[in-house]
Amino acid sequence: MEFFQHVLNALQFGSFYALIALGYTLVYGVLRLINFAHGDIFMVGAYIAYFVAIMLLGADGVAAGAGLSPGLTLAITVPVTMILTSLVGVTLERTMYRPLRRKGADRLYVVITALMAGLILENGNLALLGASRKSFPELLQKVVWTFGGVSVTNLKVIVIVAAVVVFGLLQFIVTRTKIGMAMRGISYDKFAIPLMGIPLDTIIVFTFILGSSMAGLAGILFAMSYPILEPYMGALIGWKAFIAAVVGGIGDIRGAIVGGFLLGFIEIGVVAVFPSTLRDLFAFSVLLGILWLKPTGLFGVAKTTKI
Amino acid sequence: MKNMTVKVLLAVLALALGAFALTGCGKDGDVIKIGFNLELTGDIPKVGEASKFAAEMLKEDINAKGGLEVGGKKYKLEFVYQDNEAKAESAVNAALKLITQDNVVAIIGPNSSKQAIPAGGACNDNQTPMVSPWSTNPDTTKDRPWVFRAAFLDPFQGPVAANFAAKQFGAKTSAVLFDIANDYSKGLAEIFKTEWEKKSGAGTVVAFESHGTKDQDFSAQLTKIVAAKPDFIFVPDNYNQVALIIKQARDLGYKGPFMGSDAWGSAELMTLCGKECIGQFFSTHYAAAGAQGATKEFIDRYNEKYKYVPDDVAALTWDATRLVLQAIQEAGKVEKDIKTERKIVRDALANIKEFAGITGTMKFHGTGDPDKCAVVVQISPEGKFEFKESVCP
Amino acid sequence: MQKHTFTITMFAGMAVLAVLAQLGVINQYLQSVIMLMGVNIILCSSLNLVNGYMGEFSCGHGGFMCVGAYASSLVTVLCFSKNHILGAPLLPDSLALLAFPLALAAGAAVAAVAGLVVAVPSFKTRGDYLAIITLAANYIVISAIDNLEIIGGPRGFMGMNATVNAMNDLVQIPWMLLWVLGGTLFSVWILRRFVSSTLGKGVPAIAQDEIAAEIMSVDTNRMKLIAFMLSSGLAGLAGGLFAHILGYVNPHSFDIMKSTEVMVMVYLGGMGSLSGATLSAVLFTVLLEVLRPLEIWKWVVIPLLLILLMQFRPEGIMGNKELSDLFPKLKKYYSFK
Amino acid sequence: MSLLEIKGLTCRFGGLIAVNDFNIELGERQMVALIGPNGAGKTTVFNLISGFYQPSEGAITVLGKDTRGMRPHQVTSLGVARTFQGIRLWGEMSVLDNIRVSQHYRCGYSLLDCFLRTRKYMLRETEIERTAWELLEAMDLKDCAHELPRNLSYGLQRRVEIARAMSLKPSLLLLDEPAAGLNSADVEGLIKLVRWIHDTYPVTIWMIEHQMKVVMSLCSHIKVIDFGATIADGSPAEIQANPAVIKAYLGDDTI
């Protein structure tokens, strides 16, 4: 029974890794840019969800609260948060990444800029909102189902389903739609794409919208599952999701989802079998081993160099 | 053109360096300067913020009365805050800056042992008294005559929790969940384990699990703990993690009680944890609910000013700062020379045998570590921390 | 003459700093800032070898620094201080001056060996996949030390002050300042010598075209091994100095935050420029100290400044040029090889 | 002992046979060409020789040494230098440095020598530097010694690439389409340069080339392959008359 409980736990936490890893991989797949601010965009998403929710609920002493029911609040919060979070992502791209790209800077300078942008989001939040943590209101009546010693909450099920649905949606967009084709095209040749009459910047902005709104969605689900918000909440999970995306084969949507779940299973598996103090040591050694055996990740294709 | 930019940059850099070398030559009037070496950013900003708030309140109090009276003369207080970013090297730099640039008489902080141990070394080497409000690691004050602290040590708190839980829950077995990357949490967890196994026999700590500092998911550890069926779970963790741990344990079907440590003692615990925490016990420095006298006054005023009930860090900072101020007063005079002043303040600090703080009475025995009583509180249905038992060494 | 001006200036500068420190003109705080600056210069220039010259993206430099810090601390603590687990000191205090550089070298050597963890996978993989391997290596080092109870685990490790005190007992001068300055000079000097030699130029050749390098007789695996081990070894040296400046180490001082800090310094200075690395390390350390009064806003202002700087100069302060490339007149006065 | 001996060389990528039973034997100071239609496997042969691919079957012997299992830099240090179809110079390094680094295997000093600037180091470095300057001088590249290759014209880049290969002091020089992308004036220059190299240095030159003008005016012997298999072998005149070659290039003329 303990085994099934662990599997469920791994599925749930893996879903978060996967959702965030999807954002990394989308942007990477198009721009070859590691958007290190992504973990913090996720954090901003959670905070936006918080403010939207308490505004609508009228909780926590917000006088202007609309006093809506929790269910209705949730229904409105999800799309609003996704839109607002994608705005944050697009702002970063417009104000910081695009000018650098235009100047032809080395790709790693854009990566470092992303890292700095993440720090600004974290510490700006700390400076503006203070060090107090925020408690996310309960928008969904929690139901715990127990089957012979295995406990599942309705939220866990929603999170896992959401990860799978988002994966399916993104896979559809990228492989079956015109805009997805353009996205894949950019990753092959950034210079040829504008010549084909495809608006490069529009596609890039679309990618950021897609990636950041997924971070926003992950932010809401995370805030509902772990209802304590703090400015640094996105840092660690962001790094780990990045690792998951790379282990899966960065740039490939299947890789992100598999990498995310894999990391969830490894981490929880190590805790389940070994003393939990060894978790990081073992989990990262396993990942190192995987990359040793498959140097371009699980789904990554080795770039063939023509001489 | 491009070279021009570099040259301008280099010039700016040179200027910045020059300006930097010239900073920090202040003048001293009839003021007493005390430095604060706090974790305002980094991993635990809330701790630094609470310390700063408490200190500000104390300063306003005393300055409103015209200042601190030493040897018949009133001196205004000036508190200098330095952020140590919750980093060891930054804490040393902050301490050295306070000592050599800001010319403070004494330093309060850092709070966390990771910063307090190296900063304590710097203060001791430079003969400046330092009081850490919150550090519980024995190394902070060990062999350092200039370093003091206001908190009790882990080896005292561990047994308090073990004894209380055995009695209250009638427990035979226990489980522990702690933060591997936090020396406070790990130290307390280990002392608790030794103490419990001494009492109830080997193997009665049925699960001993850890997590990382910024983790938010504890389901794997809790699944193992729940499967081991302990009579209660000891969680020597920070309050923000406690809130998540208790919620997740309940989701996994655990119905038993929890026992906590002083790091639970924050007003935020209840806003974050809500009804799930009601009825749980933890050992701490003081009980906010039902507090009397100076303690109550402090809590009420802090609550009014900053809109939340103060954490133990705030209360301990208050005590630590008052301890230093008392030493300054007992020294009887304020020396012009900062080095002599620090010396007499340290000697006065070392001479304090008993100090009535708002976190209880502290007795010093020349080691810089206080003996003080711990209290065990229970979280009431209104979310107040109600006094349950007091344990004195 | 110009062959030696640089060396002479540097040694004279060191001597002047030491005398000023000895006379108390430079107070403890400034000394400590200068020492951390030195450590940052070592870290930044050594990471520049991998991230700048070799064009890899290593983001686990803190891990190697950690290994070096613990290794050299263990040696000095074993030799010169009483520790409740490791026992009585093995050597008399009078040998401290001799043993200290050996301890630093030991730390560097152990860190260099740890560099193999990253160097060997780099034969097969590169770019972002290698970045993850370095990241994982950093986590593994910290987690391993957390689990090593004998050296304090998360509680940290101390006792290194005994060695510094022993040196002070011999002659009362600012020893650590001298060691750090010496270590910094040494690191920059051997890196400069390495990258200006034909052997060392194989490293940028790998960055620019690995296949051409291999076909043109550059043993790429050997060069990668050398670059990674030299880089991590110097990070270990920086770690050893850092540990003895603070007199206390804690595994979490070397986490991913430290690694990113060093990374930022490298790209700020410019990929493949030693003077850029030195300048940016100095600039970064000074910024950290000057902006202290801003408290929480400091960590909003610093990234903002760096972002602006990168918009302004998208190839870092120096690009891949050295100081003497930008100011050709300087060549008249010194040559640094 | 022959300079290069290839026997039964076969290379498969999955199901595709890129090179099939290829044989050749080269002596000293020869000048030969390998031609064939696009995708015939010519470059693959070069890649196999330089150790970039490992043969599926067959053996390559350079100066009596079997090169199977060797890494490219090891093969190179036996005396096999090559250029590339697309120019692969190190773009951020000066022309001089390009030619210094290519003598890497001749460094011969240890890391410690490098740090301490020992006598050995100084000697080797002077030697390397001298070789580089001599080559630049001889190949008329002295003026652009301190330029970055990417700032040079395509023709000059070709010349630098050949100079870089020659700095290895090879006994076998493999040129992979040296005339690709050059204008007719540059092609004339190239022909002169290659002939001059062949006359001046003790080197065998083996080139892949599509421009028949270059091949016919330089080479004494031509080998033609198609779909990995050798279809003709002989002097320029013989090849020009060979119907199989014409068929391979132009297809069946039955249309």
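Each chain gets a letter, A, B, C and D, in the order it is written, and its residues are counted from 1.
To be clear about the criterion, a residue touches a chain if its C-beta (ideal position, glycine included) is under 8 Å from a C-beta of that chain, and two chains touch if they have at least 3 such contacts.
Keep in mind it's a predicted model, so treat the numbers as computed, not measured.
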| item | value |
| --- | --- |
| Greatest separation from chain A - chain, by CA centre | D |
| Winner on C-beta contact pairs when A-B is weighed against B-C | B-C |
| Chain A-chain B separation of Cα centroids, rounded to whole Å | 35 |
| Rounded Å distance between chain A and chain D, as computed from the means of their C-alpha atoms | 49 |
| Inter-centroid spacing, chain C versus chain B (mean Cα positions, whole Å) | 33 |
| Computed distance of Cα centres, chain D from chain B, in Å | 71 |
| Numbers and ranges of chain A residues touching at least 2 other chains | 123, 126, 277, 279-280, 307 |
| Shared interface positions of chain B, touching two or more other chains | 41, 45, 180 |
| Sites on chain C at which at least two other chains make contact | 146-147, 211, 296, 299 |
| Residues on chain C engaged by chain A in the complex (per definition of touch) | 51, 57, 117, 121, 124-125, 128-129, 131-133, 135-137, 139-140, 142-144, 146-147, 211, 256, 260, 263-264, 267-268, 271, 296-297, 299-300, 302-304, 306-307, 310-311, 314-316 |
| Chain C residues touching chain B - in the complex, by the definition given at the top | 27-30, 32-33, 36, 146-147, 153-156, 158, 161, 242, 245-253, 257, 279, 282-283, 286-290, 292, 295-296, 298-299, 309, 312-313, 317-318, 326 |
| Residue numbers on chain B that touch chain A, as the complex places them | 41, 43, 45-46, 48-49, 180, 208-212, 214-217, 219-221, 223-224, 227, 240, 243-244, 247, 251-253, 268, 271-272, 274, 308 |
| Chain C contact footprint on chain B (complex, rising order) | 3, 5-7, 9-10, 13, 16-17, 19-21, 23-24, 40-41, 45, 81-83, 85, 87-90, 92-94, 96-97, 99-101, 113-114, 117-118, 121-122, 125-126, 137, 139, 180-183, 186-187, 213 |
| Residue numbers on chain C that touch chain D, as the complex places them | 190, 193-194, 197-202, 204-205, 208-209, 211-221, 226, 230, 272, 320 |
